[in-house]
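Could you have a look at this structure, given as structure tokens, before my questions?
Order of writing sets the labels: A, B, C, D, E and F. Residues in every chain begin at 1.
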């Protein structure tokens, strides 16, 4: 049976929920306050769950230094203190909803994580609204 | 692969754990302090997890306004500031244990939630005791 | 200069906010949902702050075993899994608002705590509503 | 002796720390990542502490409905889902540091709160950085 | 469909991450600060998830008194206020990493828990690092 | 009126509560489980509160970079992943109770903090036991 290791991290960012190809009225109807053209922001909290076999010799599933480096390089350096819509490649043409952000973060970490591990990412937008991929 | 959206909410209620068809002594033996005939209460916290496909156009799995309306109407309006045993249809003849409450809340939300979504409900009775359905 | 020691504890109870000498309508106007005649309840969390000089020999301000005994005997045994209005002497004729509960708990602990210590009590009724005495 | 009542609330906003009369380089030196010209954001959490005498008749220090109305109208409606620098009068020419925000919120609530109460406001910018006024 | 019941508990312990058959230098390279020969320690938090059918008569999945007795006897009495490496049989020759501790706790509880229940254990070493078995 | 800025940080350490000049029996009587000769440990959480005037130009009370450097250098580098009794000068002959640790941390930060600021330190040993200096 496999063990899971969890690591939490956080970043602060601004965003706006809208589609460029929709009118302001339609964006307002669907996205409400989140469609503020001057942006709003969040303290995003992420939980990275890595699943695999424990190394018998070290007792580690993964060296947390390695996992932290991936999280810092792929997620925090890219998104912390940024405007997700304006400052990132990932959300230039993708609406930065919690659902889309958690999938983007999953893909960024997945690309750097040894294929022997399974991965699940959870993202808190607020204490009461959060997202997970895969479900 | 599917994404999950989580939404938390809370309500405050009184309850008593007991069976009407048992003696006070038998209820006392099984339910202890929770069998106080004058009731006791909790701050119940619920987490509603909705699983499904993300809408490509909006980037939403479900409009949280709709999910909140279901939670408010089906759960909070029904149970908040109520005596679960005396004030509700659901627990008139069903012992309001955490296990039974979480299944009742699942069924109430399930009946109003689009069938394309999967649903999981978690209920905190205290910070250290909580319940989930399905497991 | 003095040091403070904090100890947290919790209890679950039912209560109703109302005055027996008021009509239901007047109670309803002032206390709203909290005036449910069938009661509602809370997970009450308390924080007991004791201020004084540190004993040079032990490095303790107060032996936490002693403080815990006072909290257990004076507060938890009295209020846990109780109906504050029906099951306690303290709230038989006193409306169990957060303000009144925190003062009652302060007085119960104060009566048992060595006079050389100062005391402050904080009471959480929910995560977002709480009370302190003295202010 | 007086009692204190606490009420928590939260809002999400974007901001940038900088002075318009400084060069980008000087702002960068002093405010670092917080000087991102495209903004970043936070989940701001506020705690409003109101100090006063308990009304003997109701057992309330202040009707929380009244306090909530003040917080909603003066703070949340003004700042929630806003860009503090662009969308508000208060920070048009005032750098929206935690220190300045907490004083502004204090003044907004103070202006609407009955003069018989004392007031203390605490503001969390992140879980690890927060601010209080008066100290 | 099955319900899950969760129960949290905590213990405080000292430990050192190292292999006796490795040089200090090799242990230092792999385990860094956690290899301090004079030990360091943690507030370990555990979550025990028990999955099964709800008893129709009581509305309980498991009597929490029984679950608490197992947790207290098998986990807290064994590990609380202990040096995991020196004071326990379990970690005399097993490196007390989070991964190994969570599997050991799972096995200790599994041996005492009725076979009709499924079991999942989660262990927090810090708020940001935690472990689960099975994954 | 003055503003307060709070900054939280944490470290993990082992310790033992005892006096070298007392018998094991006397230490056991006073310090109980905390007198384990093989040590136990905690996740210590600290909150540093700095009080002063806000700089009109920057809107800062203190540059958090400077405060973080003091906390890292004076507290975390000294105590993180250490045995407080064996690895530190401060507790070589001082019993590392929460009361003594919080005063030691206060003095270490006080010595490096500009005299124009007031300082208050809070230390959590567990979620339910914590300490503050000055009170």
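Just so it is clear, contacts are C-beta pairs under 8 Å (C-beta built on N, C-alpha and C of every residue); 3 or more make two chains touch, one makes a residue touch a chain.
Since this is a predicted model, take the numbers as computed values, not measurements.
Novice: Touching chain A and chain D alike: which chains?
Specialist: none
Novice: Would you pick out the chains that touch chain C and also touch chain D?
Specialist: Expected: F.
Novice: Need the most distant chain from chain A, centre defined as the mean of C-alpha atoms.
Specialist: Max centre-to-centre separation from chain A belongs to C.
Novice: Farthest from chain E in C-alpha centre terms, which chain would that be?
Specialist: For chain E, the chain whose C-alpha mean is farthest off is D.
Novice: Looking at chain pairs C-F and E-F, which one is connected by more C-beta pairs in contact?
Specialist: E-F
Novice: Sharing over half of the contact pairs with A-D by residue number is what counts; pick that pair out of B-E, E-F or C-D.
Specialist: The chain pair with the recurring interface is E-F.
Novice: Take the average of all CA coordinates in chain D, do the same for chain F, and state the distance between these two points in whole angstrom.
Specialist: Comparing mean C-alpha positions, chain F is 29 Å from chain D.
Novice: Please tell me the distance, in whole Å, between the geometric centres of chain A and chain F computed from their C-alpha atoms.
Specialist: Whole-Å distance between the two chain centres: 34.
Novice: Which chain A residues touch at least two other chains?
Specialist: 127
Novice: On the basis of the stated criterion, which chains touch which? Give every pair.
Specialist: Pairs of chains that touch one another: A-B, A-D, A-E, B-C, B-E, C-D, C-F, D-F, E-F.
Novice: Going by the contact rule at the top, pick out the chain C residues touching chain B in the complex.
Specialist: Going through chain C, the ones touching chain B are 10, 12-15, 33-34, 36, 38-43, 80-83, 86-87, 126-127.
Novice: Across the complex, what residues on chain A touch chain E?
Specialist: Against chain E, chain A makes touches at 1-9, 49, 51-52, 54, 57-61, 63-65, 118.
Novice: Under the touch definition given earlier, write down the residues of chain A that touch chain B in their complex.
Specialist: 17, 19, 30, 32, 94-100, 102-103, 127-135
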